[in-house]
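Each of the next two complexes has chain A plus one other chain: chain B in the first, chain C in the second.
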Partner chain A sequence: MLLPLYVSVKDVLDSKNELNLLFATRDLWPTIGRSLLLASLTAIGGALIAVPQAWFLARYHIPGKKIILILCILPLVFPSYISAYSYLAAFDHMGFYQNLTGMAFPIPIRNGLFGTWMSMTLVNSPLIFLMTYAALQRQSPSQEESARLLGFNPTQVFFKISLPALKIPIASGMLLVALYTLSDFGTPAILRYKTMTYYIFRHLDRGSFDKASFFSLLLIIIAFIFLQLESWINRSQGRITDNKARQIIKKAKPSKLLLIIIFYSSTIFMACLLPLLTILYWFSKGRNSELVFPKNLFDSSFNSATLAFLAAIISILFAVPCAWCALRKKGLFATFADRISFLGNMFPGLVIGLAFISFFVSFKLFGYSFYQTLWLPVLGCAIRFLPQAVSSVKTSLAQINPRLEEASLMLGHDSVSTKLRITAPLLRPGLLAGFALVFISTLKELPITLLLAQPGKFYLTQNIWNLIDEAEYSLVAAPALLLLGISSISLYFILNQKLTKSND
Partner chain B sequence: MTKALLTIKELSCHFGSFCAVDNISFDLMPGECFALLGSSGCGKTTALRAIAGLEKPSQGHILHLDQTFFDHQTDLAPNLRNTGFIFQDYAIFPHLSIEENITFGLKDKSQKQSTLKRLLTLLGLEEHAKKMPHQVSGGQLQRVAIARTLAIKPSLVLMDEPFSNLDAKLARRLRNEIRQIFKSEGVSSILVTHNQEEAFDFADRMAVMEQGKILQIGTPEELYQKPKSAQVASFFGHCQIISGHAQGEYATTNIGEVPLQKNSDGPCQILLRPENMRLAPSSESQLIVKDIRFLGARKEITVQTPDSEIFVNVSARSAIKISDKVQITAIEACASF
Partner chain C sequence: MKKLLIAALAIFFASCDNKTQTPSAETAKEYAPVVKQNSEAEQALLIYTGRKTMYAQPLFDLFTKETGIKITVKEGKTAQLANTILREGDNSPADLFFAQDSSNLGALSSANVLEVLPAETVKKVDARYTGPKGDWVGTSGRARVLVYNKKMVKAEELPKSIEDLADPKWKGRLGWAPGNGSFQSHVTAMIKVLGKEKTAAWIKALKANEIQDFPKNTPIVKAVAEGKVAAGLVNHYYLYKVRLDMKEALDAENHFFADGDAGMFINVSGIALLKSSKNKAAAQKFIDWILSEKAQSFFKDSNFEYPLAAGVSAFSELKPLDQIDPIKIDLGDLDKIEETIQVLEENGAL
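So, the complex of A and B:
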């Protein structure tokens, strides 16, 4: 997992001269500035959407609560580049909006901060939503009640008690959103906003590895700072939480309820429905001209599924010992295993892809080169999504009482028989969930497949990418819908995990 | 003399530098019900887990008849010790039915049905055999745990706070039932508990533990009546300790002369049990009745002495009133330290 760090550092150190040139270019600091600006604006925008979403849903009687909850989280599982494409296909020149209204959308969606910001905000805000909503569910209403009894009005209570209590989940959600925004590659590339990831890809395309590595290292460093900050925030304040907290759910006045519903409808429309409608629109438009399915849709889907299957298997194989050590053992490796999601977030797909190319191009194991084989994308995705697998297995493992294994030993079963008869069956839900999550994430993974695909092999993501690049909006629709559909399944596992987590 | 079933000799367990069990020794006779009593964190559970093989001792011997469970060169795996263990949370396998839980440890498949039937009847679980663990109550889960353990025909059953998750009434009933089953099956057992009533109720003999050490071993009567130290005494019943000056068989205290169990001289601490004293009205006494509580079968009276308060049990019909002047006499010889 530390390979990307090693490779970036090495490449950067190996090419000091080239870098001097890079430092001399005018665009270095503006690029970093644009990335950070985008990240912070996205975090703020995400919070502005997600916090009220979570607050109203947790505290008010709202019709269709379950569906709203699901729709609020759904954009999280959409591949960001598909969302980006859908906004492009909706608002760009000759897009859905223009075809529908006859007017051009007032703000250009491409070549600027706005489009990328909007897309990233809508896709990532569910992260903040999830954290805030979980925190709200854990919060005991008695704090707010005693504040009311001490003479504060509801507005004062909100600002003095409720909001400060949500400070930590909101802040750590915002940091994660900023981090995901920084490391996302598809959106800025499609909507043409020149961030660091945009340049990494551009430099790679032109074959200048050292420049790409430099940005890659920079990305790792910023990610590390963000993650350190996040874990520091989480540790900085002890929480008093009541797991079986009563919930007070208020009835809103009709006028307020109307506002709340308008708020939900508009945010959900923008984040979920609009992308779907746009894609469907282009899909139907394509049917008239009989150009709906790209030629190699079947082949590329099959390739993607094979890749995803192998990556998921390998991920799970690594995840089981990692989860086991993190929960049951002490020592250096256990600490490492416990921090694995931290490391996973530190190395975005683009960075892993880049590192793999530059490492495996010359690396041989017993004379066998992995370069340009299926193993590269498989390993890349397995490592990239290992944290997801570990977290699923850990959730399941944490629920297995170690006494059960001891009881089996005391009944005369040795440790192998115990693992087979007790641990394995109880771990199965976690293994399945982990497998499914890695499988789906790999299907969606753009940069790794883009960078590491063997020559002549096409993956679903590449297919979509090329079609978007060629502005074949209606051709993209079918594979995009397919991917959206599959991605939505992972929501089930994410919700399951989040719910069990907030229960224990 | 019969041979001990289990011999624990100079057993210690360390967690890092923390000494959880500190050099304890005791024997367990065949068929005996033994209890380890102590407050939480005293090392009793660790000792039990060490006997089971779930925790590795740092030194000592554990001998089971002629078999060595643990010494400086042997550490028999827990699955080879043929020892039953009842966990505080029962540890019933959630993915197996009650029936499958009970037969889980059975190696000999031919006896499966007959053993299952016998145990289901013995513990009154017949109607629950096909159910899953989440469909039965806590008390029934406890019975499943007992049945599951008895199925492997252990000579020794270890129990870690097995009744602490049950309500008091059910716990008492189950305790008596289990004791009877163990006695009729000839199974020895060690019960770990923090509840002295439970230990008294269950054990033929018991040990009191504190900070990893065994303070005293004996029958419940011995420990109650002849505690070797104030620490042991404080585990049982209402323990009030006053200071006095011993002169042979008696000690002078500020409630008068008190007979002692063993002769001694010099300053001493004396254990007074509420039921071990009588009250009599006495106009010259400096002891005054401060409070009276009616408890049904008896009354508990708080007597104000010059430097403390003493509780004395009297008959429910006693006519003593608040503010009466009284004299206290000890009926039996008292333990002194």
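So, the complex of A and C:
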């Protein structure tokens, strides 16, 4: 797990004489500044979209609630680079928008903060939405009612009572978004906003591995700070929640309802429909070309699915003991297990990929070299997404009352059989959700597959990336749609679990 | 659940058997004849290719069909693969390095990881397009040209020199792809020929002329054909590819800058055999094959590139290679791209 950190440090130290030079890089501080600016603006923008989305959905009668709920979460299946490409294909000159209206889009989408910010915000806002919505469902309305009785008007209630109570889920959602934004490289690379990941990727392209490592190390440090913040926020998670929350769902006035519906349709249009429409538009434009369905489409989907499957299995295998130790055991080792599983969040895919190449080139275990085998991308993705698996398993495990296990032990089952017959079945939903989460994330994961793909193997993500890189907009459509299709099916499994849970 | 687990394990082992996985007795028996056949013929060649496989795969397939030698590819950016090879050193599993752009071959050559090729192989290609040590050969060439719209640019307006594009009369009429590798190689060559300051001034002037940014060459050609910009800097073959793809006559045409001008630049794709290769006979065979008439015709017919060997003549609409006098520089020595990037960034092009 610590390998990426070790390799980055080693790489940077190896090029010691250049270290001063690296620090003197003309663009170093502005680059860090741009990364942080983008991350924070994305977090803010995401909150501005997601919090009202969650609020209205939880507190008002809205027609088509379930569908809206799904559509609010759906952007999660859009890999950031596909969204970025679709906004580029929509708003860049000679894009969808210009072809339809005959006018150029007023704000340039490329070479600047705006496009990257918009794309990242729309893709990531569901993370904040999920956290806020879950918290809203647990929140008791009694405080709000008291405030109303004491003479606050609804606006005052929202800002003085409800919002402060949501502080923690919103803040941790925002931090997560900031972290994702910080480590994402596809969007800045496509829309050309010069963040740290942009430079890591450029340096890799040009083969300057040491410079890429240098930026990776910086990225790790910043991500570490963000994670500390996150765990600090979560530790202070208060006692505001009420387990048996009554749900009071209001009827909105028609005028207000109209506004709410306009709000939903516009955000959902921008985040889901527009990318989809753009992809379909380009798909229809290119349908005559023989290249629309690349020959290796099937192979690469199969490879991607296999990779995702294996990574999900492995990360679940690691997640169970991690979660177990974290929740049921005490002491140094438990804390360690809890922390270490979180490290994956700290290492962007680019960093893991780079570190694996550096390390495994010459590493041999009993004469067997792992270099350029399937092991590398599988392990890379498993490490990267372990935190997702662990948190799903943890959620599930926390809901199992240890008394059930104790009862089974008392009734004469030994510990192994108890775990198999009592714990495992109860844990199943969490395992499945964790599996599906890692599966989706691995399917979408670009840098690790780009860097670690074995010779002769192609992954769907590579196909898509190459075509975006070649600006073959109409040829990207088929693989992109396929990828979205596969991830949507997996998302369905997660949602199924989440939705049924919320119905309890 | 159990079934799922078994399936998982099956897939896992099926997909892990890249190299050294020891097959169980049963499978060994079953596959024994196949395995034997493979080792009697040659094992698969591993090619690190900077050329996109979506364009190069048919070529590899053709080779396999003719010789029975299988090819495995690892695709990436040329510079990245070159540096990967440097990092891998003696452990490199690659046999051949197929560079999209010759610029990084020089670095590999000076790091001594390339095998010197037999004189008769090197001789097949004009010395301008091979490595000075004879350790790489060019496989196909491309010219940097100005693609222009015939309705928007008059013949007498066409510039003799690429430097003429700095003239204000081109304001708002030009397009380029500053992030593109071919363009950056060209700028690197320009810096060698014109010097850094002059090149920087030229870029600044083009920016002042409100030159439009494009992500790649193909969109430039399309924009020129549709009259959205009057002219753009591209590789010569994109015009013919776009025309083939659109299945219609275009208003666009290629213009070559004058002989000896900094704009008259020919760059090549090149191939090299790695010293660490354990499969040199087959690799050598591939190099000779790619310089054969069949392969050279492939570059001409499917990519409209300049063939460099076997006497294959260029695509009929193109100015023949021997009538062109491009700028003379060591094509393997264009990997100092940091300076180019810096110049481009400082003048607002990137």
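Here is the rule we go by: the second predicted complex is superposed on the first by the 481 of 504 C-alpha atoms of A that agree within 3 Å, B and C clash if a C-alpha of one lies under 4 Å from a C-alpha of the other, contacts with A are read in each partner's own complex, and residues count from 1 in each chain.
In the analysis below, contacts are C-beta pairs under 8 Å (C-beta built on N, C-alpha and C of every residue); 3 or more make two chains touch, one makes a residue touch a chain.
Because the structure is predicted, anything quoted here is derived from the model rather than measured.
Novice: After lining both complexes up on chain A, report clash or fit for chain B versus chain C.
Specialist: Here the two partners, once superposed via chain A, fit next to each other without clashing.
Novice: Looking at A:Arg206 after the superposition, I want to know if it touches chain B, chain C, both of them or none. Which is it: first, second, both, neither?
Specialist: After superposition on chain A, A:Arg206 lies in contact with chain C alone.
Novice: In the superposed arrangement, does A:Ile67 touch chain B (first), chain C (second), both or neither?
Specialist: It touches nothing on chain B or chain C.
Novice: Using the superposition described at the top, determine whether chain B or chain C touches more residues of chain A.
Specialist: Between chain B and chain C, the winner on chain A residue contacts is C.
Novice: Which holds for A:Ile422: it touches chain B only (first), chain C only (second), both, or neither?
Specialist: first
Novice: Could you look at A:Leu411 and tell me whether it touches chain B, chain C, both or neither (first, second, both, neither)?
Specialist: first
Novice: Students often get this wrong, so check: with C-alpha centres, what angle lies at chain A between chain B and chain C, to the nearest 10 degrees?
Specialist: Apex at chain A; the opening toward chain B and chain C is 150 degrees.
Novice: Have a look at where A:Arg403 lands relative to chain B and chain C in the superposition and call it first, second, both or neither.
Specialist: Touch partner of A:Arg403: chain B, not chain C.
Novice: Report for A:Leu163: first if it touches chain B alone, second if chain C alone, otherwise both or neither.
Specialist: Touch partners of A:Leu163: none, neither chain B nor chain C.
Novice: On the overlay, how many Å separate the closest CA atoms of chain B and chain C?
Specialist: 15
Novice: Of the residues on chain A, which ones does chain B touch that chain C also touches?
Specialist: After superposing on chain A, no chain A residue contacts both chain B and chain C.
Novice: Name, in rising order, each residue of chain C that touches chain A in their complex.
Specialist: Its residues touching chain A are 8, 11-12, 15-16, 18-20, 46, 52-54, 72-75, 77, 79-84, 86-88, 91, 93, 104, 179, 212-216, 218-219, 222-223, 226, 228, 245, 337-338, 341-342, 345.
Novice: Once bound in the complex, which stretches of chain A touch chain B?
Specialist: 401, 403-404, 406-415, 418, 421-422, 425-426
Novice: Taking the complex as given, what residues does chain B use to touch chain A?
Specialist: So the residues of chain B in touch with chain A come to 52-54, 77-85, 87, 89, 91, 93-95, 104-105, 107, 148-149, 151-152.
Novice: Flag every residue of chain A that touches chain C in the complex, lowest number first.
Specialist: Residues of chain A touching chain C: 26-27, 93-94, 110-111, 192, 202, 204-209, 289, 291, 294, 306, 309-310, 313, 357-358, 361-362, 368-369, 371-375, 453-456, 458, 462, 466, 469-472.
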